[in-house]
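First chain A sits with chain B, and in the next complex the same chain sits with chain C.
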Partner chain A sequence: MAAKTVLNYLPRRSVVHDLTGTTKLAFFLLFTFAGMLTYDTRVLLGLLLVSLLAFRASRIRVREVRFMLVFMLVFLLMNNFFVFLFNPNQGTEIYGTRHVLLNLPGRFAVTAEELFYLLNITLKYFIALPVAILFISATDPSEFAASLNSIGVSYRVGYSVAIALRYIPDIQRDYHSISQAQQARGVELGKKEPLFTRLKNAAGILLPLILSSLARIDVISNAMELRGFGKNKKRTWYRQRPFARNDYLALVLGALLLALSIVITFYDGNRFYNPFI
Partner chain B sequence: MTTPIISFKNFSFQYRAQKRPTLLDINLDILPGERVLIAGPSGSGKSTLGSCINGLIPFSFPGEVTGELTVDGVDAPRAGIFELSAHVGTVLQDPDGQFIGLTVGEDIAFALENACAPQEQMKETVARVAGLVDIESHLESAPHELSGGQKQRVSLAGVMVDQVKVLLFDEPLANLDPAAGRQAIELIDEIQRKTDTTVIIIEHRLEDVLWRSVDRIVLMSEGRIAADMRPDELLSTGLLQAHGIREPLYLTALRYAGVEIAPALRPAGIGTLTLGEAEKEKARAWFQAAPDRAEEAPKPPLLEVKHLSFGYAPEQRTLRDVSFSIGRGEMVAIVGRNGAGKSTLSKLICGFETPESGTMIFDGEDMAGLSIRERASRIGYVMQNPNQMISKTMIYDEVALGIRRRGYTEEQIRERVEQTLRICGLYPFRNWPISALSFGQKKRVTIASVLVMGPQMIILDEPTAGQDFRHYTEIMEFLRGLNAQGVTVVMITHDMHLMLEYTPRALVFSGGTLIADRSAAQVLCDGELVRRAALKETSLFALANRCGVGEPVAFVERFIDADREVRAHGG
Partner chain C sequence: MKKNSIKTVVAVGIGAALFFVLGRFVNIPSGIPNTNISVQYAVLGMLASMYGPVAGALIGFIGHTLIDLSWGGAPWWSWVLASTAVGAAVGFLGRKLPISEGVFGKKEIISFAVINVIANAVAWLVIAPVLDIAIYAEPAAKVFAQGAMAAVANSVTAVVIGALLCAAYSKTIAGKGSLDAE
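Take a look at the complex of A and B:
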């Protein structure tokens, strides 16, 4: 049975896939930083365009990453809702004007300023999301550890990510067979059960799952030590690729975008673009 | 005189958590280029001996070392595990668990990466070593795309990148099907010849290792060396049986026939075995003296499977049009290579998966409408690894789990649980924590936890995997006892001995179809079936032919009956 992971590598031939893992990680960090820094709507729209173009260049189709998209949209909606709930007048405070669109009781009047502010937040997410998906879905898992290591993360940490990727399908399979055997013994995990019973029953699966995973870890750590893992401060990577022209171009682009976004954003001394005056 | 590459001198070792030493006063020299088999029952210290050679002891498993151990000139107990890894390459038991990389190429390169080898050199070495173990066409494959045998090849390649002088195999056959096991032994033999390394194999399946010759067998027992002899000599003694190791079947058969096994017969392999006319005559006479086999009356069907088909993906059929019937009170083996559909079949029967087409009738009732839980009170399913089934800490609670929430009073539950514990020989332990039990006892707990629901049939996945002869016999005799009390027993297995000794009938699967349904003796004497199901022909078949017995299947059956007789009388 093929175990499906939520975040999966989608191999194909594209400019984005050809970039090294290191480049994609660095670009992702630069780009996200640029997006997080600014609230300037013009900059945000520009970044969004770049982000969408990059996604297009990867030849990954939207339906292939539908799950992640839906998950993010739900998260985003909730996030916007709570931002509004905590302070419905944030927009007015920022932009200094107040255009009421819909009168609700108490302080919960919907203003054009608040909606515009929420739009900016939404844009930020939409900028980061495609690039994040690209880092996850267009980077060969084999290059993950190497790319983390190359930006200064210890190779032990990097490798633990790789090992997790390697063993997630196995642990999913274990979980599946353990839960089937438990169901045969009358342990119900279905939605019909009250929540507390379900939690209690899930714990019955967790114990054997943890024990068998610990046994796995034991084997793997012995196997790794027997083959010299941790011997040196550094290590090399079989699957690391050398930088190509496009890698340098991508990094320069990332740095330029960050610089540009900082310049435009802070040019007038304010992080916000204000269409209301 | 050559200097030994491995030398134990008055060596003892005691694990930190143990009260007594696991290895006691070991004196053993292994010469460069030798092939040594270290045999012994579980708990004899054979794996511990291996861990001393590769450095896991005392670095990963701390404890107290006395005496000396030199490995390729290195003072092993005081050198680091990393230093030893340059001299000793270890292939562990579990080919899946030790697969570290995300692809074959990365896994082979793992040791080189850790040694900071430049990439060019890595690619070169990986290509060369992969060629040596014949896996070079799979360098980009992920572990789940490989068979157990292929994964083992990758592990072997992964330790050979270091140009080690010693190759250590810790139970290399434990997780392989019989055909892959045979190939593994052939590969080890071939690599040893090509590279002239010293090879140490730790294994209790003697006959399978002896498929290719070894120079010496070191027999371990209770932490000491019980014998250190050439195979021909050791097999001529009774030491193996005395220490709970199964001798090759062809030798047991010859002993039953009254043939004296002596080194001159070259008994170490069925290939080298030389029988004189006198010995052959004895074997034929023994065969002809067989009492008539009582024909067993066919049993009324308990489970009838008709035209069952199933696939996990639309185009892939995991099972195709499978039909068979299992009689009440039968003991049946389901065999075939990994991925042949055996496990899927048991999942369909238990209701974990829903068939695409076909019907399953149990005790006259169509099971289509029954839930997983309802089926469980008719058919119990026991997983291979007891640790994956056990979810409570106390034996009583674990066994009671299946009948809670059925509306019984606590008194009724107690009564049923205690009765089941009695059947399983666990009653004296009823208030014990499960963690205090041995593997075999845990297995019994899982069987008890299924039996308590009152099934008429139990399905066991690999009930004896990884068990030595004594534990194997213990588990199987227990199952035979249950069977005698009327429980129908179905076992999914790779174990040829289990088929021969315990199940009169075998269902053979290959590529999702049922390709044979006949006696185990017939299956194991049919070369074509054996090949398609990744089994291994029994050496009794070769022996029958060698002795000029015209009917090899009947000869195998004769052996099974005789063996049964011996066991029943506490032989």
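Take a look at the complex of A and C:
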């Protein structure tokens, strides 16, 4: 089928794969939170190093996730370009100094501060990339509901996520066949049609999909009700694993990274590391 | 999630899967370069008004997080939370809409439209840009321009496609007192 799965689990024997789903989820959240809070270049570089080491340890090859990498790089380039276009002086505003490197007409002079600021934005997003890829590629989706539940999310919500992951391929297939069938009947979504017709045609494809999905909601919820879902406050999980030594180590590392990055970032009272003063 | 909570759990799951598939694979050009029509917000509007604010918020949150993860990278939390807010707001304001009872006439279409415009405006003009500035320290001009584009595109999609979907769906349900004595 043309549309392949995108949330791709790559099973393997590695230190990272052996961690429980709970650990990976918690580490992922701690790590992205640390990356989100800080704008300190030194912290960002440190986090990047940890992130790359974790990727190395997972034995997932770059070739297998090349698509995501290329997409992110294009996205980051575009984002940097727009940030620059809308406000080429954001760097100067943040760092308070101005070193012009290249004089361009209007307000578009390239300053060292702006380039440094763009580097920080890029780093900030890029450090999360290896960890996010690991989180997707090294976590068994069947374990995910259990992980969510064990970090304190209600098991009903965990179950919703599990249902979403389970039914994405089905709905994708449905969408594919419906849209092909409708296109065979001349329903067009491309640029040839005026905007309003395009929207109307989209509704024509969506309607069968929605109706079948609503029917699916009924079938699944009846089946779950018959099995007594939601009767108790707690539930057990088939795929839950007990914590091992490495899990504790990874969690401590995640917590330490978050604490360290908060301390280093904020001890001088500013989110930004300023090399210009 | 008190009454009929199993149905809500499943609706969130299937809704998030729909949101994901539509947001990830369906590209309808809007006419403006690099901007696509995000049909998933039409479905979010419809499901949120059918299943309530909690379901709406969770569909937006889970669906958007999965989309961002599938592109590879940490979720862009500011926009994920904006999607969550759209679901919650439409679900809260539209919880009285009688779509599941098979009633969706002129009056309902108008309130559905107003509700969706309000929800999308708040989410994309306020929540997303403000969080972008707070979390990512991006230039205000850029994030508000992006937010304004998203607000317009998503409101139009939600109102036009969403209303068409609701109207068509409510026709498939036999309403109260639709039987006539002969």
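Everything below uses one rule, namely that the second predicted complex is superposed on the first by the 255 of 277 C-alpha atoms of A that agree within 3 Å, B and C clash if a C-alpha of one lies under 4 Å from a C-alpha of the other, contacts with A are read in each partner's own complex, and residues count from 1 in each chain.
The rule is simple: a residue touches a chain if its C-beta (ideal position, glycine included) is under 8 Å from a C-beta of that chain, and two chains touch if they have at least 3 such contacts.
Quick caveat, the model's predicted, so the values are computed rather than measured.
Peer 1: Name the contact category of A:277: first (chain B only), second (chain C only), both, or neither.
Peer 2: neither
Peer 1: Which touches a greater number of chain A residues, chain B or chain C?
Peer 2: C
Peer 1: After superposition on the shared chain, which partner residues are touched by A:128: those of chain B (first), chain C (second), both, or neither?
Peer 2: second
Peer 1: Figure out whether A:163 sits in contact with chain B (first) or chain C (second), or with both, or with neither.
Peer 2: both
Peer 1: Touching A:102 in the superposition: chain B (first), chain C (second), both, neither?
Peer 2: A:102: touches no partner chain.
Peer 1: Does the superposition put A:186 against chain B (first), chain C (second), both, or neither?
Peer 2: After superposing on A, A:186 lies in contact with chain B but is clear of chain C.
Peer 1: Given the touch rule stated above, what does A:229 touch, chain B (first), chain C (second), both, or neither?
Peer 2: A:229 sits against chain B and chain C alike.
Peer 1: I'd like to know which partner A:240 touches here: chain B for first, chain C for second, both or neither.
Peer 2: After superposing on A, A:240 lies in contact with chain B but is clear of chain C.
Peer 1: Quick one: is A:220 in contact with chain B, with chain C, with both, or with neither? Answer first, second, both or neither.
Peer 2: A:220: touches chain B and chain C.
Peer 1: Just chain B (first), just chain C (second), both, or neither: which does A:67 touch?
Peer 2: So A:67 only meets chain C here.
Peer 1: For chain A, which residues belong to both interfaces, chain B and chain C?
Peer 2: Shared contact residues on chain A (touching chain B in one complex, chain C in the other): 162-163, 165-166, 170, 207, 211, 216, 220-221, 224-225, 229-230.
Peer 1: Touching residues of chain C toward chain A in the complex: what are they?
Peer 2: Residues 1, 5-7, 9-18, 20-22, 24-26, 28-31, 37, 39, 42-43, 46, 58, 62-63, 66, 69-75, 77, 135-142, 145-146, 156-157, 160-161, 164-165, 168-169, 172 of chain C touch chain A in their complex.
Peer 1: Considering the complex alone, what residue numbers of chain A touch chain B?
Peer 2: 1-2, 141-142, 162-163, 165-166, 169-170, 174, 177-178, 180-187, 204-205, 207-208, 211-212, 215-216, 219-232, 234-240
Peer 1: Would you tell me which residues of chain B are touching chain A in their complex?
Peer 2: Where chain B meets chain A, its residues are 54-56, 59-60, 81-82, 85-86, 90, 92, 94, 96-103, 105-106, 109-119, 122-123, 126, 143-144, 158-159, 312-313, 347, 350, 352, 372-373, 375-376, 380-381, 383, 385, 387-392, 401-406, 449-450, 453.
Peer 1: Which of the residues in chain A end up touching chain C in this complex?
Peer 2: Going by the criterion above, the answer is residues 3, 6-7, 32, 35-36, 39, 65, 67-69, 71-72, 75, 82-83, 85-87, 90, 94, 121, 124-125, 128-129, 131-133, 135-136, 156-157, 159-168, 170-172, 175, 189-191, 195-196, 198-200, 202-203, 206-207, 209-211, 213-214, 216-218, 220-221, 224-225, 229-230, 271.
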